[in-house]
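Just below is one structure, and these are the notes that go with it.
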Amino acid sequence: MLFREDKFNDECGVFGVYGHEEAANLTYLGLYALQHRGQENAGIVSSAGDGLKVHKGNGLVADVFTETDIDRLAGTSAIGHVRYSTSGGSELRNAQPFVVDYSRGSIAVAHNGNIVNSLLLRAEFEAYGSIFQSTMDTEAVVHLIASCKERTLTDRIIYALGRLRGSYSIAFLTEDTLVAARDPHGFRPLALGKLKGAWVVASETCAFDLIDAEYVRDVAPGEVIVIDETGLSSYKPFAPVEHTPCIFEFIYFARPDSAIFGANVYDIRKEFGRELSKEHEVEADVVIPVPDSGVAAALGYAQAAGLPFELGIIRNHYVGRTFIEPKDSIRHFGVKLKLNAVRKVIEGKRVVVVDDSIVRGITSMKIVKMIRDAGAAEVHMRISSPPTVCPCYYGIDTPNRDKLIAANQSVADINNYITSDTLGYLSVEGLYRAIDRGGGKDLVEPSYCDACFTGEYPVDIFKESKPPQLVLFK
Amino acid sequence: MLFREDKFNDECGVFGVYGHEEAANLTYLGLYALQHRGQENAGIVSSAGDGLKVHKGNGLVADVFTETDIDRLAGTSAIGHVRYSTSGGSELRNAQPFVVDYSRGSIAVAHNGNIVNSLLLRAEFEAYGSIFQSTMDTEAVVHLIASCKERTLTDRIIYALGRLRGSYSIAFLTEDTLVAARDPHGFRPLALGKLKGAWVVASETCAFDLIDAEYVRDVAPGEVIVIDETGLSSYKPFAPVEHTPCIFEFIYFARPDSAIFGANVYDIRKEFGRELSKEHEVEADVVIPVPDSGVAAALGYAQAAGLPFELGIIRNHYVGRTFIEPKDSIRHFGVKLKLNAVRKVIEGKRVVVVDDSIVRGITSMKIVKMIRDAGAAEVHMRISSPPTVCPCYYGIDTPNRDKLIAANQSVADINNYITSDTLGYLSVEGLYRAIDRGGGKDLVEPSYCDACFTGEYPVDIFKESKPPQLVLFK
Amino acid sequence: MLFREDKFNDECGVFGVYGHEEAANLTYLGLYALQHRGQENAGIVSSAGDGLKVHKGNGLVADVFTETDIDRLAGTSAIGHVRYSTSGGSELRNAQPFVVDYSRGSIAVAHNGNIVNSLLLRAEFEAYGSIFQSTMDTEAVVHLIASCKERTLTDRIIYALGRLRGSYSIAFLTEDTLVAARDPHGFRPLALGKLKGAWVVASETCAFDLIDAEYVRDVAPGEVIVIDETGLSSYKPFAPVEHTPCIFEFIYFARPDSAIFGANVYDIRKEFGRELSKEHEVEADVVIPVPDSGVAAALGYAQAAGLPFELGIIRNHYVGRTFIEPKDSIRHFGVKLKLNAVRKVIEGKRVVVVDDSIVRGITSMKIVKMIRDAGAAEVHMRISSPPTVCPCYYGIDTPNRDKLIAANQSVADINNYITSDTLGYLSVEGLYRAIDRGGGKDLVEPSYCDACFTGEYPVDIFKESKPPQLVLFK
Amino acid sequence: MLFREDKFNDECGVFGVYGHEEAANLTYLGLYALQHRGQENAGIVSSAGDGLKVHKGNGLVADVFTETDIDRLAGTSAIGHVRYSTSGGSELRNAQPFVVDYSRGSIAVAHNGNIVNSLLLRAEFEAYGSIFQSTMDTEAVVHLIASCKERTLTDRIIYALGRLRGSYSIAFLTEDTLVAARDPHGFRPLALGKLKGAWVVASETCAFDLIDAEYVRDVAPGEVIVIDETGLSSYKPFAPVEHTPCIFEFIYFARPDSAIFGANVYDIRKEFGRELSKEHEVEADVVIPVPDSGVAAALGYAQAAGLPFELGIIRNHYVGRTFIEPKDSIRHFGVKLKLNAVRKVIEGKRVVVVDDSIVRGITSMKIVKMIRDAGAAEVHMRISSPPTVCPCYYGIDTPNRDKLIAANQSVADINNYITSDTLGYLSVEGLYRAIDRGGGKDLVEPSYCDACFTGEYPVDIFKESKPPQLVLFK
């Protein structure tokens, strides 16, 4: 076979708008604001009521679209997508939105999340003679819609979504209708907003801020929202299950100026830091973050601990995709290209350095070394989340268990490996305390998916670390 | 709908090789030699027995493939395709070979010809829930293969081909098998060759010459050739119909150094010129061709008429795809960029100018004007084919009937329009006499499709000048 | 004339290395670290003792150089340059290093600063028949060197530099020698370092950190350092003048992790904030920076004022060079693409927002508006430098006086214009107090060029806001 | 030194227009027609009276200029250049026209030919302190103009040209004046034409044909034509010398539809073939050319010999700059990619094959082999010029003497090497007889430079095969 297994979308950003003269341009800006959710490809599909127009490309939103491209994407509705590719390759055929023809016309789809039963669905379709042209799990969705005999688009989409297991915050566009939906567990965020008379949906509210749209509410877990010329209709066609939005969006993935799951990300992160300070107090002179993801937690830590906060590590904003390494290898090279310690802040000090998580441990080791080289007396690493012990199957690109250092080593061993004086992770309990405090009354979700920290996967088919082995009749 | 109707491949080139260490490089060279059959996109798919590798791009073969690309296309079998796009747009998603996954694995397809019932097939598949991702008629073929329940690849391909109406010279590649087939009418050419122990197939034999392969025979109309590790097997699974290879390949499309349908193209063209000379004698001083397609016929004309042959029009070899026209429009501009008359050859002479065909008449008019401006005393236009009165549905990009000047005007009117002193077309009878003489004993086909000259279409569903209107249940 | 007037290099970064096997790769990395000093073009010239090799291109260092380019730049010495273009155009012919041939061989030059008498020098050379091919002030330097009759390279360079007025931190490379020099006033920074046996020079020490080079000392104002196979020689051939390094490097231009003029930039900026807090106290709930340039000063302000510091404005790291603005213009658009307020941090608060400077006032106005829109009760703008009242002629790209808001309006008027509740600038005295405190005993320079704040230009020919009008005999 | 020696322009095309609203567009078209004279870079400089505008790029004219580029090149006068690069590298800095600033303003220059004393001039200028930025011999010209104290542009250009030795057909453009000149020997062609009220100059008349300009006359050897608002003025400021236009332009370089040195190239080439037929008669069945350069001579040969002419070798029009060669090397590969024999024309025949010249002999050997492989009974190679025994220093890119097969081997040896049955070169006497006959009364030049065949170089400093060794005081 050409395609050994479906690839997951993992971290992606979705945007949609219905009923605005500049639908494509707004979508372009929305994707601009969601760029941190995926830098491999970007795409927009628009409709002026007479067929779908599409433009996709590899690279950043600012590079993929020219003014001419946006002008060609005429119409009053549009959906867009930015994609992060987990697998080196950033093949354009996997770029979204997907656009296909089927018996009832054309449909486009933009998806954030992972369909964990996509291989089973693919096998089922192939058994009936269907062909697949991409390697993405999302392609199963359009096969489901196309094969469904229901008469209305809404029914066909509900049928298709009902067959999916896993995570999806997803937008569909046809000539005359925009549909946005979120899986019953509500793994990934999806927000609904308004811009004058137009409806907008986006993975994060920072996209609304950019276009001056007003946040209305989150698309609810299990909700299907259909927007057409008759207005917005909401469906909740699926049996309710426990809501388990992804706790890692708070920790790392979302932008700090976004509100997701009802809470402001920056606030939550600060509370992680405060809680971390309580759980892992240490005598120190200064608290510094690993920029940029550790900044809010480090601020919270410093405030709670009554220690000075300093930007002791500076980030180089011009780091490209690749760089040319000298043959006579320079120590800690990759990290130094991106980060540099400020000697004056660190020299002779007992330093608390706050990061959001540790994956393989190599980067943390290089950061500790860099801080020591800058003259630190002590280096205390503090992590604003619990040890990452299990991979994610719902949309975050974490490596397999054998590469996750915390899945295989104790905290003491990790401390040893990364050469810090002390190492402290936030506890799972502390994590929830912080979320409660940070989200307060706004928080819409009482429970979360914390499988990466606990191994308790809400969608049970995937408790194993490997996808199911399919025996294809070949 | 996104895609209003299927697009035809029209003029394309197909190449395949099985059993050679440098399969992809040979395919690249084969496509290089077939470049005249299509300049919009090029693609190669190869197999080393462990999945299919693909590289496609817009532009000429020399630009689409780098050495790295060819190196990546590892394997001992490969197929390739060059495509001419009839519709301005040269969208990459329509580039071939198509590669898809279905229940039995992966398959790639490269097609030259038009599937005239592709819209019907597409509608049928969409009715069963299939989705389409390109706008090409060829996509129907893989849906047919994927939906077929036959156990062997050969049976599935035979089933699929049996459902097609129209023209196809086609190559399929799977991990371990190369299949080449030609429709029962044999519209488009396809030759079989050998290179040391490897089998090769190509649209024209000029591709064999370049790689030092030996021409074995044509793939016969209605023949399906399957090449795998057990060797070559030939199937003739379809009820025999009259063979009607495309007569226009002789007139214009094939390269003069190729042999197609058993005969050398250059020879045949010279005979067209000889016959034309007999049918439309004129007192003249010199015979000149419109380069390059009119050269062989002009030579034949001159030799038969006993008149001197001269290259009175020079072709600029560096003409790009586009040029920037001055606002203060220069007369006959487009033609002059490509062709220029040699005044010394023409001045004061009675000139016979030989071209292969007249489509809209505008180019011919500009050429006559250019020759007169260079001082010709008389200009006698001679066309080495009969008047083109009907469009082609089997793979040549001719415009609709209303734009074909000969479909709407008499020869006398055309002569008037293009401002020549006399105008002579080769008769249909003369055409066949010339082919008989030029092909001689080598000629394998006694009959041809001459629908563009006679309106007699061999595949009857398409006698109308428009594709059938499908009412899609939307 | 083609070139109306010389253009200035303005903000640029210079790097050089002598005596290292991987000279070009180290230079590439050095430029990577200096990228913030110029993003328009980048270039490297190297020598292996047998001629100079050059590669230059438009864009970021990571995009201009491929591994092949670096491999081709063989040799053990190299100089490099990143350039900021003040004039929209980023013409490659103005990219540095310049490489030219003259009677004694080849020479390359990389320059940061402005030669204020370049038009006079150009006129003089043109009067003797010289031709100019770029529009850069730097071209005058090589004409001076080439026309000089001195026998040694050092003498020729000293002669040439002696004719220059203005600012230069400059590196020269010949086949066998690297020369680095700084103008007698020492306007722009230039540091000397060591990497194992090799000498390195760089505009800022952050370039040394990346390659693990050790900072040795600053190149002194008026010093010419010559490095060849005999080692390093230092010359101080010019009459001493007051040292006036650019105070704006501390305020905005240098990277906070660099040490320049003997002091750490981050430290100095924090002291600006502390001093600002004393000079412009205000009752407030939170201190936020305009990222990234205002961060250190905001931290200093918050610490001195005993107010909480928060990252209340988030910066989008994926902002491209251009974006497509909607026709139905969205308010404050340009700034929102780059910055977004964190509502939860700001809502209902009395906010102190700290920025490094105000140029035209428009951006400040948009930032104030953004903070108010996020719900701030009060917005107090604090600027960590005095009002910018005069343009810079020594290497910072400030607009003309008529576009500098502080040159034309009072602080009260500016406060009104940008719609803040209060506005406070750091005083010139406060600026110096902060530098004294921040630099402490390390500070090597007692005096600075503060002409942008005071109008007191150290190089007197340029007290006027326009370059001298030259009457060319044409 | 960076630049070891000046490079020559060799084969180039020059175009200029004065007094037309669409000067740049006409120049673009003129370069399009002159593309065969150089495919490495192309450039246009235009003037609207307020400075010079320039656009240059690597590649073909059609690729270098977009419509926007042409629109930007506003003005009523323009000059353009296409360049062939002899040295792999096609560095943009060597692209012409050169544009420089000097004391009297800006000037652009476009040059076809070689300045054989350019190294001496360069050394002289460098001795006075001038710097050089390109590696082209042409740069010396602008230094001469810039250093000249004469008051008028005309006088300065005449002074500069008077210092040059070698060949030049050259055009200069300033804000208000177009100057065209040809060296006193008249090595390279340059024609003067008229287009409505505008003057045009071009290397060949085929450029006039494309834009419907009327050929007026050749610029005479040693003539300097100055065109400004007062009209056209002609100067003949140099002492007359023997006129020695390049005979190789007739043989190979010019386009057959051009008239140069008063004669039509196609006519002359046919006469070469006729003469060749007389000098080297052979019993044969068919005459075929090596396309395209051998076509006219082959026609002349066939007509004079009374043998049938056939296009027995077909040229692939889609040959790119590079191709990917298979590792398992195919015989005669490079030639086959470009040329392919028509077996039916050749099989069993005694073939006369006509080519314009033999340089190294390898290509001829491959062609003979290709014809034999196609079944020829005998292969008789006929060359429409004398043996090429000496390199050219005046603008044709011939290799050094040691690589010229005829410089080192007898005709019998070459016949042996290329494996033809017989080999016949045209004699020098025959060459002149043919020119006389072909040019007739129109021929303006009685004598030619035939140094490549005779070793008699008209400009004596260069009788040696190497440029003079300059000892630079370094």
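Order as written gives the chain letters A, B, C and D; numbering starts at 1 within each chain.
Assume contacts are C-beta pairs under 8 Å (C-beta built on N, C-alpha and C of every residue); 3 or more make two chains touch, one makes a residue touch a chain.
Keep in mind that this is a model prediction, so the values were computed, not measured.
Colleague: Relative to chain B, which chain has the most distant C-alpha mean position?
Modeller: Farthest chain from chain B, going by C-alpha centroids: C.
Colleague: How far is the middle of chain A from the middle of chain B, if each middle is the mean of its Cα atoms, in Å?
Modeller: Chain centres of chain A and chain B, defined by C-alpha means, are spaced 49 Å apart.
Colleague: Quick check: how many Å separate the C-alpha centres of chain B and chain C?
Modeller: The computed centroid separation for chain B versus chain C comes out at 62 Å.
Colleague: In whole angstrom, how far does the Cα centroid of chain B sit from the Cα centroid of chain D?
Modeller: Inter-chain centre distance comes to 37 Å.
Colleague: Could you check chain B for residues that touch two or more other chains and list them?
Modeller: Chain B, residues with two or more chain partners: not present.
Colleague: Every touching chain pair, please?
Modeller: According to the stated criterion, the contacting chain pairs are A-B, A-C, B-D, C-D.
Colleague: Mind listing the chain A positions that touch chain B in their complex?
Modeller: On the chain A side, the touching residues are 1-4, 51-52, 92, 99-106, 122-123, 126-133, 142-143, 146-148, 472-474.
Colleague: Taking the complex as given, what residues does chain D use to touch chain B?
Modeller: Residue list for chain D touching chain B: 21-22, 25-26, 28-29, 32-33, 35-36, 39, 60-63, 65-67, 70, 206, 209-212, 255-257, 259, 264, 266-267, 292, 295-296, 299, 303, 308-311, 314, 316-328, 330-331, 336-337, 340-345.
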